[in-house]
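Each of the next two complexes has subunit A plus one more chain, namely subunit B in the first and subunit C in the second.
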Partner chain A sequence: MITDRFEVPSRLRTTGIVLLLIGVLALVGGFATLLPGAEHDQARFWTVLLQNSVFFLFVSAASIFIQAAAGLAQGGWIVAYRRVPEAIGANVWVFGLIALIVLFSIVFGLGEHNPIYHWVHPHGDKVLEGKSSFLNKGMFAGFSIVTVGLWSWFGIKFRSMSLAQDRAPRNSTKIYWKMVAMSGAFLFVYALSMMSTTPWYWIMSIDAHWYSTLFSWYVFASSFVSGMALILLWTVYLKNRGNLEFVTKEHMHDLGKFMFAFSIFWTYLWFAQFMLIWYANIPEETTYFKIRMQGPYAFFFWANLILNFVLPILILMARPSKRNYFTIVFMAMTIIFGHWIDFYVMTMPGPLQQHWHLDWYELGIVCGFIGIMILTVSKTLAKADLVPVNNPFLKETLIHIS
Partner chain B sequence: MAVKKFAVACYDDEAVLFPAVDKVRNSGYKLHDVYTPFPVHGLDVALGQKETDLHIAGFCYGITGTATALGFMSWIFTKDWSINYGGKPFFALPAFIPITFELTVMFAAVGMVLTYCYLNQIMPGVKKHIFHPRQTDDLFVIVMEITDPASEGEIVDFLKTTGAIETDVQVAEEGWWYGWWHKEEKYQNQKQLA
Partner chain C sequence: MHLKYESFVREPLINGNKTYAQVTEDICRPIEQKPTRLWYMGFIFSLLLLGFGAFSVTWEVYWGIGTWGINRTVGWGWDITNFVWWVGIGHAGTLISAILLLFRQGWRTGVNRAAEAMTIFAVMCAGQFPIFHMGRVWNAFYVLPLPNTRGALWPNFNSALLWDVFAISTYFTVSLLFWYSGLVPDFATIRDRAKTKLRKKLYGVASFGWTGTAKNWQRFEALSLVLAGLSTPLVLSVHTIVSFDFATSVIPGWHATIFPPYFVAGAVFSGFAMVNTLLVLVRKIFRLEDYITIGHIEAMNKVIVLTGSIVGVAYLTELFMAWYSQVVYEQEAFKWRVLGPYWWSYWAMMACNVVSPQFFWFKKLRRNIVFTFLLSIVVNIGMWFERFVIIVTSLYRDYLPSSWTYYSPTWTEMGFYIGTFGLFFTCFFLFAKYFPVVAIAEIKFTLKTSGDNYKREMQALDEKTVEEFIHVAEHAH
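Moving on, here comes the complex of A and B:
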């Protein structure tokens, strides 16, 4: 019988608490100085919260997706460290709750003149009135609550089923087959939420006049690749603590391949969206890229491409770099930061125009969210054994060669 | 194109093959090759073969494709035959990207296939000596080169101790040749032996 318990080290807990306190301080500071200020200061206060809560929710929800995808495909490679995506997935409800609070405050709490979601009060705007049967408060609230509810439920369910499988009699596969069925159900839910409605409502509707039909795939690619990077960071951290002894370079190589492949996939979708708009050159579509490419956001626009395409393709292409702990950890951090910048470029230009900031408030709020991530996930990880001892794929994952 | 003398040993089990490969490598006799009916995992490691550089070649081919596509299109649309397409700039980089991508993939793919064929000496029309008809069916075959005629019996005896179910000494063409099946080879061997 293999056992492997993780105890939250006091240093990690202190780091988490300090980061969370920085976030709370930034929030209080923003509440005191930005909210009573000019209109773009108010918009900044809410947009930063929107960007971070949605980003962290999407990234952690990607952990449920990879469990479901690997579960349905009966992949053995992930089983060695599947407690990590399980622990991240089981805490989706925390980020979901925060995202719901922020989104509902923006939609319902900002009165007549909404600085972020212009569609809340279309007042004579023909385009927005035409979209109002889909873009309205009721539909927004309904889709958001159903999505966050289902993600949270599936995240908790996957973990509890996996733990139940450990307690089940040896060689019993009843719960395992239930997990396969649930994986299929989750993929259906995820396809209808992450790959269509939620990015439309939460992010694309910031630029309510503009639309892109593959926007949701693009957001999915962004969150999936950073989700894999997040799983990798936690796994390497646990390994450095002396846990997860049987997780080897072979398993890290798999995650490295995912980070590499989905960085390219992200670029593919990003470019497909960009090139069609560039080629057709229709004013209502090009406004989205005008402010980002030629306006005040040009730096972030190109930084986004360099961080998320040029660095991954050059650094992660070679096999040895995917099997080196330093390069994959470095690239995982780069990718998470790069996609945070990607979400920044998606959300900020609409409400803020040229009044962009990357300052104490933005960085403080990120710290807060990282603190929440560290505290919740480490607490969940410590609750159960790190080896899924009764998983039918345990042997396959131990001898796995990527 | 040299005709040489080979000692051939056949094995019917992977579990016997791996220790035999180890013994053969440590024996000091010259190993020619090992033939298996299917890819055997770990055999390349057991044989001490270094990892292939095919992917580096692939990267070079890919870069060549990228450079060819970008260079050629830039030259056509800015210098050779500039045409105004819908008010786009002559150097319309986004429009070049899909073609650049395709050419990168094509150069890398075709180049790697050809390099692979060259490295493994496989091509339509290329023939090689088959040491045992069952080497593509159900037998693992280790082939040793007999460099010193005096040691022929010694090597065969040694191969028998490694668990071979069948041993044999053959005179055969070492490399590859173009042609139809075995005819040319038999003719050559007979000439060499005589």
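Moving on, here comes the complex of A and C:
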């Protein structure tokens, strides 16, 4: 019987704990210095938490989507390392819980003048009053709880079904077909949350007057490509530890192709949203890009495009670079950081206007989230065998050629 | 040599215990026989449709665009609706040949040839509409940025309509190259089997002197990959730019950022539906059920339910955002679209495109040939209505109520549309008679991994443990 167990190395655990402590320190520091401060300091305190919790939740949830998509498309390529997306997906509930706490604190806890979601108290704003049957506390809470609840459930369920397959009789397909059906169900849920309502509520409603029909698909593309990069980082890490011996350059090449293709896809959606608004030049719509492109966020605006489009297309285009462990790891980190910047550009300008920061608090909080990711996912990975020995596609993946 | 193995979960893509020789025989047979009576009837009927189309267009060119029902408010009617509809249908071929090649989807080999042919014919049909919509069609070459003697008269490079000229012509060129390069080894096969001098000569010219050497194949593979790489962004770009024709404007109902990806999804949706319509017939008429299996049809039906649902999310998003924007013009535009005098077109679109594909969540229906055939037609009716809804119901309630109008097509417009069916099917009948409708060489690539006889031999590998399997794989030769 093939076994491939991962034990969390003490160095990884220490790194995770240190990062988490940095995050906690930043949170405490923010609590002590920012929260009692001026209005934009308070806004900064909450917006940074919002940006990170939503970003990490979306990126983790992409792992569930990837499992479902590969399951429906009968993708054999992912099976060699599918315990990685399973482990990330099974921890979606952690980031979901954090995001719910942050979002609910913002919506319910900030009194008469909400610095982030202006729609909480429209104060006679006709447009916001008009939207109030959608943008209100109750609907926001309901949609958020249902989204996080369903994602968390599917994430845990997918992993437990995959583990059950390991113990099933050889070549039994009962669980396999059940997972296919569940994948279809998840896609339905995901289409009605991630591809539509969820990013509207959590991110787009920060700029409460502004709207773009494409917005949720754009956020999805950002999360999806980062999700692929995250899977790649964990897989290469495990490989470096001596686990996952069946994973070869052929498999890494696939992930490299996905990072390349979906970076272009993200750029395509970025361009579609930007160009149509720029071309039509309607003031209600261009205001969104005005502050981002020409105002105080211009640096991040262009950095976003360079990190997420220029670098991937130039570096990942060639075949050898997708088969080189150094390049793909470097690019995976670039892409995750790049899309973190993308979320920064989406969330900060509304509440903070020109008072943006990228300082101890922003960096400290993101360290905390990385720490949580390391601790939770590594712990889950260590709980079961890393080779899905009884998966009907395992033999295909052993002889896989990209 | 690499071990040929694929999971037992995948169903065979080629049935009937085929050998390489049998594959050649089965696919070349229809080309080498005299056409059936059914073929002649279909071909002549198509020619009649084409003739009626030519007559309608001649009428329009002679008397002017006033013979159409379009007016000052509704300046785009059936013409642009049909244009977008045909372009959309022309998406499946390139998606199957390029994107599915990059995704290593083995089932593409059964359907790619016919789908690519369909793409090319559909784009040819599409191109007619903007050209004849110009009215003074003899000036059509003005859209090309040619150095000219007309002084400073150049096309407007800021116009999405001009981008469309480039997008469609590039797409047509690359699709044609892709299709033709795949045909070269198959033409050589027919040439080598030819019994008549003329056939040998013609297929010999068409196959560019292909001899099937290792070097030939190496070049062929390299070219396929390059063309697949070029076509993949083209699949997205063509319908994106078609969507720009609408979305760059400031007309409520047209100006929406979701248009580009939603148009692409809709195009793939209608394209796959058309592939299903044609292949259900082709596999029956040419007895190719062993190559275009129920599994192939099911795979395409899965794409249809996926893209249909994406389109559904987009419709609902548009509708929601019109309300959410709190812009009175957006709200009114959608109110007139859903509940106005054209309400039937909106609800036909919703029923055909969003509701009907949901039946394909059920495996029984995905694998039912009759149901697939009917639904593929329903989808294409729905996608025609989608374009009609977008174009006509966004225009007919103008900003000024005094400009409000209602639009119905005249016989010349309808005749033009019918004529493009004639063109499409004339081309398709000729293709089906003279070209191998399934890619012979590419089927042979997949035969030893996905043929039913080879898959039966793999059962021994399925029974092995992982360790034993690795041992076999390492010693395979």
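To be clear about the criterion, the second predicted complex is superposed on the first by the 402 of 402 C-alpha atoms of A that agree within 3 Å, B and C clash if a C-alpha of one lies under 4 Å from a C-alpha of the other, contacts with A are read in each partner's own complex, and residues count from 1 in each chain.
Following the convention adopted for this analysis, a residue touches a chain if its C-beta (ideal position, glycine included) is under 8 Å from a C-beta of that chain, and two chains touch if they have at least 3 such contacts.
All values reported here derive from a predicted model rather than from experimental measurement.
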item	value
Subunit A residues touched - subunit C or subunit B, whichever exceeds	C
Partner chain in contact with A:V24 - subunit B first, subunit C second, else both or neither	neither
Partner chain in contact with A:R319 - subunit B first, subunit C second, else both or neither	first
Which of subunit B and subunit C A:T213 touches, first, second, both or neither	second
Subunit B versus subunit C as contact partner of A:L394, first or second or both or neither	second
First (subunit B), second (subunit C), both or neither touched by A:Y279	both
On subunit A, positions contacted by subunit B and by subunit C	279
Interfacial residue positions of subunit A with respect to subunit B in the complex	271, 274-275, 278-279, 281, 317, 319
Subunit B - residues contacting subunit A, complex	55, 59, 86-88, 94-95, 97-98
Subunit A residues within the subunit C interface of the complex	1-2, 72-74, 76, 126-127, 130-131, 134, 170-171, 173, 176, 184, 188, 191-192, 195-196, 200, 211-217, 257, 264, 268-269, 272-273, 276-277, 279-280, 282, 284, 387, 389, 392-396, 398-399, 401
Residues on subunit C engaged by subunit A in the complex (per definition of touch)	2-3, 5-10, 102-103, 233, 236, 240, 244, 247-250, 255-261, 302, 309-310, 313-314, 316-318, 320-321, 324-327, 361, 461-463, 465-467, 469-470, 473
